[in-house]
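So, here come the structures, one by one.
Consider the two complexes below, in which subunit A is the common component and subunit B and subunit C are the respective partners.
Coming up: the complex of A and B.
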């Protein structure tokens, strides 16, 4: 789809206008956009060539865009206009992409519902009573509703791959270090990844080629050469060894999803893949969420210490600078975020750090070692990306609650953030008219392998280029 | 009662690099506020640190010069605290793995040489500068992110003099190897001094007080000595020394309470996730170490063996690197290093002081100074005459030309001097009579008269010799 758009050089203006109009038209029902970006200047300055030339896109609102409001979904940044561009914003521009919107997200990307965005929840295009999932919900909604063929997200636990499941699209989180994080407002630095949404695997290949590559300003970015993903794409899975994450499948609460998934596994076997169940130590799998929760919130409380109302952002009055900082932070964040900062801070205190933060890091290593063990034998691990279709927005479940039956099935995808390994979600089928996704995780920097398995799945399901008709 | 004094010093030293510790913005001093900053220095959302290679190199040099063991695996940590001069809300530092451990510096004390141990050197970034005015505060982020090393001593010093000598030794060393400007008055070298006292021989450390705001080396000794006396008075009055941070007040020469320490602040240190550990290759470290500039200690020894200068002169020369460098240049043009040293440390230093400038700013040409020394040594002009040429020399003039212009040529012509000697003696028969009667001061009188007659231009050595010869002749 993207490649065809780029070939249609005469259709750029019309295509971009249509996207802008559609985004505006759907805003009332989806609430997916925080800031609409005027494409006029970008169209003027568009390069003659580029893998995304004239393709309308959207950026999650934690991508710094020079001169354009960037809120990260938070009240405290609701007046923040960056003085610089994120590395990926520059790369996209050079590739000719036209940014038409800054998309809604959970506050500071610290959520999985997109209900904590300061502009209010984002609605799922397949059923607007339902959530998109988060934290990259706005980007997912815009791609699923057919506004743009690609949108940038970010993924710290599953913030691209979960919404992709709920919205029936492809959500990719490449290897840690594959895409520069410079200029992405962080959540937790050791877990944060730039990710993105497309409506088919081919587009995912094109997009990664644009985004990937070493950036001097991100010391964790990789020097590894960027392959030509599109050229290398094939759907041959003959002899590929694929592990089914048994712990996840066992924890899926929706029987139709299990049936659907097993059917898909069978189809892959018929294509010549070796698909086998693989059980991880259940205790380790259950430790994913608490370990994730601790590491993410500890890093987040430090990362977001710069949000103090002094140099940028919404400043509240106070008698002195300390009071200004306290008041700005108290009023600038929602209560969920403040609670998480307190928890993160608690985990970092000297007297707690060893038994909380450092222990969580050790658990993280154990989990990665278990994954490595599995990937020694298998080329990929797969499982349903979610145990349910998108929940209703007014479902009052506590996001931070632990201990439920589905704790593994709903949170395991953070394993790819722990390891930094490439992982993607793509549509697998529908339950009650709402999409459900399947997730694939491969070894570090084996995106080509991942795309090939995904392409095989796409051919089997026939679920590519889905567009939700928003009602 | 007698007391043991224990002093430990933490020094923050700005590294001399073109750009900041973790950003590409230029480092600066005295530039217009907030002009040397980028999004990283301002702690804007989404920025990431990029380690400055040059800063790491300078830190390696500092560790080498101060005999520390270098950790080739460079790691950084976050120190978390909220303060308006700290843009990110955390400082990137090296809490858990400092780049250097276990070194020392040698100081001169009244009892001879002494080693002061250095516990660690670590790299970190500087904060912004704050200006608190009555109704508002101003923040200048130019300094934010400037590379620093923190040098932490062991508590090995026991007097204000030792503390001063320690800081001076560090200042000299770091300045000589080009790691830092070490300007205490401008804050590129900042010194926090911890002082505690305890009853002599008790073996128990007393409660320490930290003294800040020491912006010259001489303040350190004063502050420490004041603090020792203050703590003594407290203890002798039966009071307790409380753990405090104090500030040195230049005017009163006293230390003043800034804040009491109530428990330690928890900085929630944890490893910086955005910087993977960096492995310094052995070759890279070796290359830096093989190309170290000369250390002041080595230079001292060389001055002694190569030029035979006195310890006193060496001390003064070395304490001013520019003067010392200049001295070395002059010695390329003259073999009389002692004379070069004398000129630089006396007349030329005096001239620089009067004109409030420094040797590296002055127009003095090293070749001209060497020429002047040669003119004296060759008897072409006298020392006294040479002193009259200092202004010309400092204006960049050739001393020969200047001497000619001023008519300052020493008369070394035997005939001319003999004529003057005879004239003076003929005119002063009484002096000859005095000499005959054993009054040796008559010689000085006649020499003085001859010099006067020559308007100071006669070679005094020759005059003296010829007066003696002539007197001997006349009384025989």
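Coming up: the complex of A and C.
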């Protein structure tokens, strides 16, 4: 789809106009956009050549864009206009992409519902009563509804890969260090990745070629050469060893999803892949959520101490600096975020650090060691990306609250953030008219392998280029 | 004796983080804190004796120094663009010294 768009050089203006019009037309139904971006200047300055030349795209609103409001979905940043561009914004411009929107997201990317955005929840294009999932929900909705063929997200626990499942599209989180994070408003630095959404695997290959590569301004950015993912794409899985995450499949609460997934595994076997169940130590799997919760919140409370309304962001009145900060932060953050900061800070107290934060970091290593052990024998691990279709927005259960139960099937995808390994969700079918996804994780920097397996799955399901008809 | 983890405890903690909590929010943390302790017990079930913390993926030390080249200079005017009140290159606040 992207390659065809780029070839159609005469159709750029019309295509971009159509995308802008569609984004506006769907805003009332989806509430997916925080800021509409005027494409006129970008069209004027568009390069003659580029892998994304004349392709309309959207950016998650935690990507700093010079001169364009960038809120990270938070009230405290609802007046923040960056004075610089994120590295990926520059790369996309150089490739000729036309940014038409800054997409909605959970506040500071710290949620999995897209219900905590300060502009209100984002609605799922397949059923607007349902959530998109988060935190990159606005980007997912715009791709799923056919507004843009690609949108940027970010993924700290599963914030690209879960919305991709709920919205019936491809969601890619490449290897940690593959894409620069310079200029991305952070959540938890040791887990944060830039990711993106497309509607097919070919487009996922093109996009990563544009985004990946060393950036001197991100110390975690990799020096590894960036392959030509498109040229290397093939769907031959003969002899590939694929592990099914048994613990996840056993924990899926929707029987139709299990049946669908098992059917897909069988199809891969028929293509010549060796697909086998692989059980992780259940105690490790159940420790994924608490380890993630603690590491993410401890890092977040530190990262966001600069949001105080003094140098940038919404400043509330107060008698002195301390009062201004307190008032700005109290009104600027939603209740969930403040609760998260309190728990994160508690875990960092000197007297608690060993028992809470450092323990979580040690468990993280044990989980990654177990994944490495599996990937010594197998080329990839796969499992359903979610245990259910997208929940209803009005569901009274607080999906972002920490429950007493650790639901493995809903939280396991953070293993790819712990390890930094590439991980992708793509559609595998529908239940009650709503999409469900399958997730693939491979070894570090083996995106080529991941795309090839995904291409084989795409050919089997026939679920490329899905577009939801918003009702 | 360990301090009681009640509404006031968490409100005090919130004040250290420079924000406030309503009674309802503080009560929510008390409840969530109980759940955190339950979740912590799941971590305790994993034996981490002789295990080092994993701080980042791909633990390769940065073994080079970057040249000290001036790039990305932000002008004073740009730095002040997002400030509510500024004067002659300074952030203006009501009162710093009491």
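Things worth noting here:
By definition in this document, the second predicted complex is superposed on the first by the 464 of 471 C-alpha atoms of A that agree within 3 Å, B and C clash if a C-alpha of one lies under 4 Å from a C-alpha of the other, contacts with A are read in each partner's own complex, and residues count from 1 in each chain.
By definition in this document, a residue touches a chain if its C-beta (ideal position, glycine included) is under 8 Å from a C-beta of that chain, and two chains touch if they have at least 3 such contacts.
Bear in mind the structure is a predicted one, so any value in this text is a computation, not a measurement.
Contacts of A:376 after superposition: neither subunit B nor subunit C is touched. Touched residues of subunit A, counted separately for subunit B and subunit C, are more numerous for C.
By the document's definition of touching, of the two partners only subunit B reaches A:348; subunit C does not. By the touch criterion stated above, A:183 is placed in contact with subunit B alone, subunit C being left untouched. Look at A:319: by the touch rule set out above, it reaches subunit C but stays clear of subunit B.
By the touch criterion defined above, A:471 lies against neither subunit B nor subunit C after alignment on the C-alpha atoms of chain A.
Touch criterion met: A:218 reaches subunit B, while subunit C stays clear of it.
Shared-chain residue A:293: touches subunit C; no touch with subunit B. The residues of subunit A shared by its contacts with subunit B and with subunit C are 80, 83-84, 190, 216-217, 219-220, 301, 305, 308, 310-312, 321-322, 325, 345. Interface of subunit A with subunit C (complex): residues 79-81, 83-84, 176-177, 190, 216-217, 219-220, 222, 283-284, 286-287, 289-291, 293-294, 301, 305, 308-313, 315, 318-322, 324-326, 329-330, 333, 335, 338-339, 341-343, 345-346, 355-356, 358-366, 368, 401-404, 406, 418-421, 444. Those residues of subunit B whose C-beta lies close enough to touch subunit A in the complex are 38-39, 42-51, 78, 80, 82, 84, 87-90, 137, 139, 266, 268-270, 273-276. Against subunit B, the residues of subunit A that register as touching in their complex are 62, 64, 70, 72, 77, 80, 82-84, 86, 181-186, 188-190, 216-220, 298-299, 301-302, 304-308, 310-312, 321-322, 325, 345, 348-351, 353, 357.
Those residues of subunit C whose C-beta lies close enough to touch subunit A in the complex are 10, 13-22, 25, 28-29, 32-33, 35-36, 38-40, 42-46, 48, 51-58, 62, 66, 72, 74, 78-79, 81-84, 91, 93-96, 98.
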